[in-house]
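Chains here go by letter, A, B, C and D, matching the order in which they are written, and residues are numbered from 1 within each.
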Amino acid sequence: MPTEERQKKLWGGRFSEAMDPTVERFSASIAFDQALAQYDLRGSVAHARMLGATGIIPAEDVDAIVAGLDEIGSEIEAGDFPFDPALEDIHMNVEARLTERIGPAAGRLHTGRSRNDQVATDLALYLKDAAKAARLGLATLRGVLIERSAEHVETVLPGYTHLQRAQPVRLAHHWLAFEQMLARDSGRFSDLAARINQAPLGSGAIAGSTLPLDRAHTAAALGFERPSANSMDSVASRDAALEFLAAAAISMIHLSRLAEELVLWSTAEFGFIELADAYSTGSSLMPQKKNPDVPELVRGKSGRVVGNLMALLTIVKGLPLTYNRDLQEDKEPIFDSAATLGDCLEVMAGALATLRVNVAGMGAAAQDPMLLATDLAEALVREAVPFREAHEVVGRVVAHCVEKDIDLRSLSHGDLQAFHPAFSAGSDALLSLERALEERSLPGGTARARVREALDVATAALANERATLNPEEQR
Amino acid sequence: MPTEERQKKLWGGRFSEAMDPTVERFSASIAFDQALAQYDLRGSVAHARMLGATGIIPAEDVDAIVAGLDEIGSEIEAGDFPFDPALEDIHMNVEARLTERIGPAAGRLHTGRSRNDQVATDLALYLKDAAKAARLGLATLRGVLIERSAEHVETVLPGYTHLQRAQPVRLAHHWLAFEQMLARDSGRFSDLAARINQAPLGSGAIAGSTLPLDRAHTAAALGFERPSANSMDSVASRDAALEFLAAAAISMIHLSRLAEELVLWSTAEFGFIELADAYSTGSSLMPQKKNPDVPELVRGKSGRVVGNLMALLTIVKGLPLTYNRDLQEDKEPIFDSAATLGDCLEVMAGALATLRVNVAGMGAAAQDPMLLATDLAEALVREAVPFREAHEVVGRVVAHCVEKDIDLRSLSHGDLQAFHPAFSAGSDALLSLERALEERSLPGGTARARVREALDVATAALANERATLNPEEQR
Amino acid sequence: MPTEERQKKLWGGRFSEAMDPTVERFSASIAFDQALAQYDLRGSVAHARMLGATGIIPAEDVDAIVAGLDEIGSEIEAGDFPFDPALEDIHMNVEARLTERIGPAAGRLHTGRSRNDQVATDLALYLKDAAKAARLGLATLRGVLIERSAEHVETVLPGYTHLQRAQPVRLAHHWLAFEQMLARDSGRFSDLAARINQAPLGSGAIAGSTLPLDRAHTAAALGFERPSANSMDSVASRDAALEFLAAAAISMIHLSRLAEELVLWSTAEFGFIELADAYSTGSSLMPQKKNPDVPELVRGKSGRVVGNLMALLTIVKGLPLTYNRDLQEDKEPIFDSAATLGDCLEVMAGALATLRVNVAGMGAAAQDPMLLATDLAEALVREAVPFREAHEVVGRVVAHCVEKDIDLRSLSHGDLQAFHPAFSAGSDALLSLERALEERSLPGGTARARVREALDVATAALANERATLNPEEQR
Amino acid sequence: MPTEERQKKLWGGRFSEAMDPTVERFSASIAFDQALAQYDLRGSVAHARMLGATGIIPAEDVDAIVAGLDEIGSEIEAGDFPFDPALEDIHMNVEARLTERIGPAAGRLHTGRSRNDQVATDLALYLKDAAKAARLGLATLRGVLIERSAEHVETVLPGYTHLQRAQPVRLAHHWLAFEQMLARDSGRFSDLAARINQAPLGSGAIAGSTLPLDRAHTAAALGFERPSANSMDSVASRDAALEFLAAAAISMIHLSRLAEELVLWSTAEFGFIELADAYSTGSSLMPQKKNPDVPELVRGKSGRVVGNLMALLTIVKGLPLTYNRDLQEDKEPIFDSAATLGDCLEVMAGALATLRVNVAGMGAAAQDPMLLATDLAEALVREAVPFREAHEVVGRVVAHCVEKDIDLRSLSHGDLQAFHPAFSAGSDALLSLERALEERSLPGGTARARVREALDVATAALANERATLNPEEQR
């Protein structure tokens, strides 16, 4: 069918001139909004059934439309659908194909509907699914973090602030910190999906329809709580998309932090882990290289997801009501962020699951006596010395050890008393790595029992999350 | 007290050299983290009381500390507090001042605490309050939107898509679309505040404390649900801040859209509204000018709030655990976005409340017969013509009217039947502005009854939101 | 060839495990770095010839390599090249194909080269070409602006500040303002291309090579001024890419402003222009709609180009020297911004060239007497009244006219003298649209002669720019 | 003077209602545009003199105005100027003060001028100065990099790709890579300053003036090449500001990379450097800590500068011509980025100048035999083995050494020949750190002579840059 024919068919007789071919290519969205195909079909099926139930179109036309849409769905799934840029977008492509298949009855499908409420509905359905997919991906990575943590309750490494060794911590404690971040990420996706509870369908182009559509019918059929409360809001707003992009960006920032550590820990200097060969790459020039490309790429990809958020904020800024074509530009950032987050969660789960922990290397680093300096101060506090005074005293002890190159644990009782009379013993008696860990036994701390407790809590929370996401699997 | 003295006092004896004065200025945060003062004091009072309750420090010291902190609070409120950049930040300023006031007992306040968990606690308290303030500001603007909408149920204007006149809508319907956006914005702030439910205090610098602190005690005293589950997460994470900045940015994008319309509607060409003199400014050169500076500034300020989000995403990206000094840079964007959003909500509420609606001007624009073209197509659909065919036919009718400069409402039955035999009457009988509005009577539509219904629902929802925010006022 | 085989071939024997297939897909860049193919081939040809010229590899191998690369170039151009994701990137794909074609001699091509300096070279060549393409696209749009301006020296419309009518201007003057912006955009692209004057090739992976490569030879062959001054900088830096993305973003911001105006001017309310049908689209629901989709999309696409800049800034932030895999993520934003800018320049040129100016509509709006209020004040200044006093007086005259609904041009000499005795005549004599235009005859102003002068200057500058870009066409 | 009085004075009699006090605060820019004071005064002096020279205002008024402005300048410098938010902005504050000082003659200053062309001129002057300041700051840091490099030509450390040890490099070579980046940054600032060569003054509010101003006179007096070519462009455009923000962001990204390395190198694990006490801070809890706060803050502050760029891009996006009040929001990001970049350059120069290099620690790391694996491959290439084959062979040699925990340098000739017969000697003879460095003697490489050469070139380029920036100092 020639292009002009089609344009007439879909936009009506208002236009006397065909679209410029460059503009056709420039404005077509079919190259990317294919990703909405399954949602578009679901929306159309629900709409057609409602049109039948309300008697707006004949039952036999509904049957023909639904059957035709089903076949189109199969065609798309099989990769056989002839997407055509001249037909602009997914909606027009589907409708044109439906016309080829079932004839004029296809012309009744768009009754009481505009592409404006149609695409808003597609997008709402997409975002709800994408939020769920993100939560599933997060759950997988959280599962790996919990598993690896369970293996490494007894593995000790230095905890860092300012990338300086601060206090000894269990590796399980360290990785469970990331599990907490990801759990909150999941909460954000859950909240945003819950906020997408109003069906746009029935909002028409801007002000609803003069036809007796049953909006509650389509809303229920598509899994929304209710029809949207304001038709203009429905076709004009993209805050759900922005919220999704923001949640994805925050989650990617968390992954970039975890990735940064995997890169650091893979260095010769840290030597805390070794990534599996399957998650590393080599160099085209230097034969010895084994590079942590996977975490590097994850870290880098946080940039594109941040960029996607900035893109859509810029796009929506300052647009008057209601729909403006600028909003077509919402799709690529959304699809890209959803896919990127999904990929990154998957490869990070794989990288973490397969990396080798250098328990000895971590342990050796954790032997750094300076990690126990705080404990020396807290020993003075236990002797009723105000903390500030204790901190000052131990600062001087540390400076002395650094200057003389003395191990902090080798100071005799007398040595210490030269700094403060309240010291009750030599540093060897006062300081111990095991005690440093075990005495940090507050809730949320790194003592063995606390970490085991935290593992249990995290495991239960994750099981609960998975049950929510896949209720049928729990039966 | 000379700078070096103080530095020794607070960082201990590890250092032999004083800080470079440029660095002192460069790294000091006291110029902006003053905004945390009240939260810092609340956190310190709770911490001191807990230290007393657990017997870690003597009761009389607790009393002295609490009394001293109260006095400092009054001093700050009165603007008399001598903030000193040499003391770096709000925490150090308060502690130094406390020492001046109550002597060495002040040195016990920091027992079992680090600036890392202290600032995380301050920030959590700040964000919870800022989220509430945002909801209050949103509620005010929503209130104005509802009030002005209630006044303008009968005011009709063209609804726009692509900034082209599309279909007639009631002004109430138009403004309630924005009310819906703001209601969702409020939901985002509510969700993020609910997520900030774990008290960081007791996490220490990184791994908790060896002292028998009672974390549940301080958590409860400060209004958190429970102590945080992981000490490293507590001092390292800033996702709550990012979520706040994202929610603020999305809300500002909504305000920028409303602002854009106020600017557009104030033009000579639209002429739909006139801003009050009190919300306009003049020109230093052109004596006739009355400019919509308030909405222009609001629209512009969306940029800074988007920039703030970008800034913090960039800052946190790729930071390894746990605290890194980069995170000091979180505060200015947060404070600025909170203040900007608050200001913009306030001035937009004022501008909307005081603007004059040009009812006649809107009405005249709504008489544009082209706004009824969809209705002509839907008239054919009611005669069982498939929508696509009807759309095509009416497109040709419209083109005909444009070409011949004929009013769409002036076509006789015969004229119309020349385009399609199914037309049941002349356009005058088929088309009417009042009917165009009233027949759009689906839920969420622009019919009078639907808009009144929507006003009632919005009013109730807002009352409920206000009751949640200020429970005491409802008694 | 099975995947493992290939990996062994290219990374060597360091690895005992094959890459995880998900990782293979995740890390492959071939899907997008195909865009570098022609640059990669040019770089390889230059490198091979240099290896031959220096005697590092035999002349017959050079001949085979160059011939093979030529054939590969033809294959790629014809769309017949079998790109394979298992081969990661464009470099590996080309080399593997070369091996298939010419056998083991292909193994000599990568001598003294790493993918790090190779991709840096490809990117430098790409950016130089992309900058030139941007300048050509800008020149086309500037040309259209100049042409349309030449047609509309006599067309007058209100100039706006704050979107309020301010003073009358010629349409030519208005559009030439955009031409100036685009000329500066072109300057930015020119400057950045000039800064890309050092060839990275020969920097190896990080520190050059132990082989006696002739860096000056390849630099000259590829059109660079000289080899790069520091090998580590060469493989680590991406500031040229950032500068390109920034220049593209600034240019898109200019296009978004022009687009905003086309959208505004196409409204029923302004009615200043009508886009050609070929540059507009219709509505799937409303038969009367003719929407300015092209400028809307251009305005929206400014968002993606801004997002691309933000993405790469985030990616590069905080990366230590030298190459990190994060940098692979530089390509998609660059390619996307280059293509988007090119497309937008093209469609904007088309839209501007074909739009119909509503000369009468603009003229009618320019008759608004308030546009002359400044002239009334300047009339007083000519009578030696200080400007501030004149401004105040005319402000009161304007308020009087607004209140009484009087035309500013209808005030008698007596009426005016009631406001200030220095008025020398009635407003009719003092005010005239033609004079308002003609008296603004300062350089850069809107008087006829000045606009004609500006047209000449712009035309000459553009001709000069085109001559620079296509020197051969000028012979 | 009461607020209303003043408003009347400056905006004239068009308004009947005073500005809302919240709006007054909201819209005032005086809190930050004070930074423009000296530029505003310079612009006003030039304007007044031109008004005198052209006879538009009497010579005695010019003298009074210039003298008054001089006094105001002194007042501002001394911090005695009574800035008043009720007077909105710097322009109004200055003019009101001038009126207080010299009476009605002050009212002649604004003749033929608008705040639109006035602020555009102020900003242009500011940006030219800020660009020069950035170049001076960059020159200081480049100077330190060159000096420290000159000290460390003989200091060797591993060069890294993917943060994995790659090949040995000289520390001088490493730091000179940063010097190159900063030199390009300087080029960007230079280019953008050169592009700001047209004086906006005389553009009026939008269309110039009807008065016989001499634009060339003010342009020359203020150091511009010529008056601007288009008055509308002059008051509407902010691309120079965007370009400045982009250049600052790119430069901060470079600083963030250098900062990242200083943080990494300060770790216990790398141990390559120790920051001076004067450039470090301690911990309020952990007495042993010495934290690299300065580079951490610099790295973090890259976020705010990126955010500032994002803010202004968003602000300007989609604004129609000409001036819109949104543009007031350009100032804070510009001032903040200029100040932040200046501070960061200064503290980084100080930190680098004072840090202690751990030459032994770097040297020990550089002894890692794996750094020489490429050389082993290139040894085979010298025996005519194709590079790909050589790479594969050495990959297997490396894997063998890793598996058996053998030093790569300890393989006998026979050992190597078991991998490939072309090896001409044992690894001890083939590999040497000194040779690895010295044989990388291509231009831009890490061989001693090349690095010394690069030092000379950089030193000369910097001297040249400084001469350009401070021509008078060179006489």
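Methods note: a residue touches a chain if its C-beta (ideal position, glycine included) is under 8 Å from a C-beta of that chain, and two chains touch if they have at least 3 such contacts.
This structure is a prediction, so every number in the text was calculated from the model and none was measured.
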**Asked** Quick check: more C-beta contact pairs in B-C or A-C?
**Response** A-C
**Request:** Identify, among B-D, A-B or A-D, the interface equivalent of C-D, where equivalent means over half of the contact pairs coincide by residue number.
**Result:** A-B
**Prompt:** Just how far, in Å, is the C-alpha centre of subunit C from the one of subunit A?
**Reply:** 32
**Request:** Quick one: which residues in subunit B touch 2 or more of the other chains?
**Result:** 10-16, 110, 116, 161-163, 166-167, 204-205, 264, 282-293, 296, 299, 302-303, 306, 309-310, 313-314, 317-318, 324-325, 374, 391-392, 394-395, 397-398
**Complex interface listing, subunit A residues touching subunit B** = 8-16, 56, 104-112, 116, 159-163, 166-169, 173-174, 176-181, 184-185, 187-188, 191, 195, 202-211, 213, 215-216, 227-237, 239, 242-243, 246, 249-250, 253-254, 256-257, 259-261, 264, 299, 302-303, 306, 309-310, 313-314, 316-325, 374-375, 378, 381-382, 386-389, 391-399, 402, 436, 439-446, 454, 457-458
**Asked** subunit A touches which residues of subunit C in the complex?
**Response** 10-20, 22-23, 26-27, 91-92, 110, 113-116, 204-205, 276-294, 296-297, 299-304, 306-315, 324-329, 332-333, 343, 346-347, 350
**subunit C contact footprint on subunit B (complex, rising order)** = 158, 161-167, 263-264, 266-270, 282-293, 296, 310, 313-314, 317-318, 365, 368, 370-371, 373-374, 376-377, 391-392, 394-395, 397-398, 408
